[in-house]
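In what comes next, chain A is part of two complexes: it sits with chain B in the first one and with chain C in the second one.
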Partner chain A sequence: MKDLFQYTAGDSVIHKLNPLTRILLAVAVCAAAFVSDNLYYLVGLLCFDMLLGLLAGVFGKALSLLKGLLKISIFLFILQILFVRKGNRVFWIITDQGLILAAKVVLRLMIACIPLALMLAVTQISDLANALVQVAHVPYKYAFTVTTAIRFIPQFMEEMADIMEAQTARGVEFDTKNGLKKIGMMLPLCVPLLVTSVRRTDAAAAAAEARGFELRNRTSGYKKYPFHWCDLLAVLVCAALIAGAVII
Partner chain B sequence: MISIESLTFQYEGSTEPAVKDITLNIEDGGFFGIIGPAGAGKTTLARALCGIVPHHYKGDFYGSVTVDSMDTVDSKMTDICRVVGMVFQDVESQIISSVVEDELLYGLENYGIPHEEIEERMDFALREVGIEDLRYRTIASLSGGQRQKVAIASVIALRPKVLLLDEPTGELDPGSSRQVFGLLKTLNEKYGITIVVIEQKIMLLSEFAKELAVMSGGSMFCHGPVREVLKRARELEEIGVNCPRVASLAQNLHKEGLLKTPVLINVDEAEAAVRRLIS
Partner chain C sequence: MILLENVSFGYGDDSSTVRDISFHIERGEFAAILGANGAGKTTTAKLIDGLLKPTKGRVLINGLDTAKTRVSERARHVGYLFQNPDRQICKNTVREEIAFGLTAVWQNAGEDAIARRVDEVLESFGFSGDEEPFSLSRGERQRVALASVIAIRPEIMILDEPTTGLDYRECTHIMDTIKTMNEEQKTTVVMVCHDMEVVASYATRALVMAGGHLLGDGPVKTIFRDQELLKRASLLPPQIVELALRLGPGFENADTVEEMTEAVSARAKRKGAGV
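After this line comes the complex of A and B, so read on.
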């Protein structure tokens, strides 16, 4: 789970795209998934997700994301087929429309979750921030806030794992099957985590300030983020995806 | 270069000052070590030297700190930080980027270094720290020692007059620790950068530093040339600063009247002295 947020270096087509285009691509896939009402098109979109993973050289990550989503998908699927009453009965209380609807819901969930995670995995957070500031004219302060939050996620998870390990060593059984009980045991640990986190975030802010955080502006960036023909291509793909969703 | 006049600082919301009545002078081109037990106020003093106290961490500030003839309270923090580059105790939270090159770029970009000068400065920093081969690596793939070097490189790329390091070897093995100090020595001798380093390993300090300050409970316990400070080995042990074994050995020999100087600062000196005694 932790390495999900870690940057994977490479020089694939996706790596060459402008960071903003990558995010646009992810958003377009999500949008298409929610607009489309065609089962086959949705299956196609899911394949497109996987294709993105393949193109970006993080297919393994895409697969593990899919596997991670499987549990909640099955749960959602069962819930849907039990509650949808419309359509012809297939067997017991399950209807054909229920099955189709359930499949759509599950597919949408998968399609929407995967691309953003994939794109973040192949995008350096600092590149994203720089591009937001340079190209999209977002004030640096806001860009920094967002990117810092993302940057700290793996660190928090590491710290949480450390704390839990320490507690397990003292005999707390975190490996219980009961989810509610597990959450109950984890909650008290959030307080020390929060305290150390606040101090660390403050230290990080101080360190950034020492290196001229406040002086940074739109023209500071050394690397430029121009748009290339492949960005144009990607934008066309985005448009086609959404158009396809509306038409089909 | 840096002069501190009766500095007292109390963090907002705490009940006791973190540093009390500190007066200290740090010479241009010096190699200055600061040592003291946990909670002695070393980090707070370091923060005051580069203006982070009181500009970022607010609180009651008495006395004055002058850096390169700028009063830290009246000057902008960014102006002070350009003169005094600080490497923080917690390297993890200092590193902003996910790739080494970007980490070096960050400060250079912010301080508006002309873009045609940036490449040269990055080369300089990477070369002096000896991490040219790491330039395009991700931070996540580096060891603790390598991250420490990246943090140092990202600060010296800004060409500060003073390099301030807060426990740079805290998480390093003895070999890497020596390497870091060797690097500091080079920067000090070759480029005349003033080094101020907070360090728990007294052996390293007594070997590399020229002057030493000992802090305890927020106050300055004593300061001066390394040899002068090490003469007080007994008192240092009492406040929780372990002295090098060669220092205790020297003191004992001196007391027995076998040795003229009361201080030996490294194993080579001790060996020579003992050889002379035996023969």
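After this line comes the complex of A and C, so read on.
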């Protein structure tokens, strides 16, 4: 799972987009998913997510994400069909409207989760930070905070896995098949994770200070992030996606 | 006690693997796994504890296949000291920390028995019990982690680079405690270590790894004198062994400062006697 957030190099059309356009594209797909109330359109958006993965050369990651979301989607689907009472009864207490609503909720979850992860997988975090500073005029401190938070996600996941491994070796039953028991046992582990995270953040802050963090400004980056025709095309796609969601 | 039969293991990205290794460690042995970074030492240690399951071959601990038993169950018999103590420590006081592992493993023991054992361990390590583990120094935190492992009285101790980042005094504290367990309670020790001086001072057997293969297995004294083997594994013997090798006959067993002192005294006496 942690590999999903790791950068995948490439020369695809998505890689050629400006980092901000990629994020805009992801946000537009999410927005379209929540604006649209049409089941077919939502299915289309999910296909568009997969197409994005294919165009970016990370189709495997897109499929892994979809697979990862499947469990929680099934859980949500069952919850929805059991609790929605409106509509005509189809089977037992399940209604037709319950089925449609459940499908929409699950589709929205999948559509919203996939594009942002995919775009982050094809964007160097430093590029995203620099583009935010240069193009969007975000102060470097804030851009650095956001990008550092993203950068640390896989490291924290790795750290948690290592902590769980160490506790298993001590006899804590993390190798149990009871999921609820496992979740209960994870709570005390927040302490070492928090301590390690604070120590890591402190070390990162000291290293940044030592390398002249305070001196950085909008003109510090040597790499430029101009917009090309493909960015314009992507913005049009974004507009079309949202317009389609409103109209259909 | 520990038996590895044609064991292979590969991570998904194939960056570090173990390839077809076999060895047997008897009760009470003190074995060190040596090798350069990426040789497969930690992977082997985790395979022994069952934290990793072999893709080929089998690992037996006291006759039980690690692929068929749970790590948490094996924790009653096998203690694992990780390189980074912060992954093991999760409680607010040293007393709670030592009791945490005990309550997980000694499930049938009463609270009194656990409290007594905690007190014993606190006393032997010189902790008051009220210290906050995360406020202690790196070396002290490593001692807390070791105390938690030792508290369960494991038959086998696996140490993954236990002396990394410790100063000489802290390193000696940790290693002396482990050596005492090994000698007095016949605890089997398997240690992954980069520090050849520590290996020479404490271990009796060395397993040399490179590229996931087991290149050599034998007494530490023999392994440290096999220069060809050490070269293949990109290792250097401790400086005292290099000195002994250069000094030649009469210094074959000088692997530590004490042994070198004895060898030099013996040589001086022989010269004095005109031999």
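Here is the rule we use: the second predicted complex is superposed on the first by the 247 of 248 C-alpha atoms of A that agree within 3 Å, B and C clash if a C-alpha of one lies under 4 Å from a C-alpha of the other, contacts with A are read in each partner's own complex, and residues count from 1 in each chain.
The definition used in the following text is that contacts are C-beta pairs under 8 Å (C-beta built on N, C-alpha and C of every residue); 3 or more make two chains touch, one makes a residue touch a chain.
Since we're looking at a predicted model, the values are computed, not measured.
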Worksheet entry | Touch count on chain A, higher of chain B and chain C | B
Discussion item. Let me test your reading of the model: by the given contact rule, A:D162 touches which partner, first (chain B), second (chain C), both or neither?
Written reply: second
Worksheet item: Which holds for A:S220: it touches chain B only (first), chain C only (second), both, or neither?
Response: first
Worksheet item: Does the superposition put A:E173 against chain B (first), chain C (second), both, or neither?
Response: second
Worksheet item: Regarding the shared-chain residue A:Q6, is it in contact with chain B (first), chain C (second), both, or neither?
Response: first
Item to complete: Report for A:A203: first if it touches chain B alone, second if chain C alone, otherwise both or neither.
Response: first
Practice prompt. Once the structures are superposed on A, label A:G212 by its partner contacts, choosing first (chain B), second (chain C), both or neither.
Written response: first
Item to complete: Identify the partner contact of A:V29: answer first if only chain B is touched, second if only chain C is, both if each is, neither if none is.
Response: neither
Practice prompt. Considering only touches as defined above, state whether A:V195 meets chain B (first), chain C (second), both or neither.
Written response: second
Worksheet, complete the sentence: So, in the complex, the side of chain B touching chain A is made of residues 47, 50, 52, 55-57, 77-78, 81-82, 85-86, 88, 90, 92-94, 96-99, 102, 105-112, 115, 118, 136, 138, 140, 154-155, 158
Fill in: Parts of chain C lying in touch with chain A, wherever the complex brings them together
49, 51, 70-72, 75-76, 78-80, 82, 84, 86-92, 100-101, 104-105, 134, 148-149, 152
Discussion item. If we count contacts the way the header does, which residues on chain A are in touch with chain C in the complex?
Written reply: 159, 162-163, 165-176, 188-189, 191-192, 195-196, 199
Worksheet entry | Residue numbers on chain A that touch chain B, as the complex places them | 6-7, 9, 124-127, 151, 155, 200-201, 203-216, 220-223
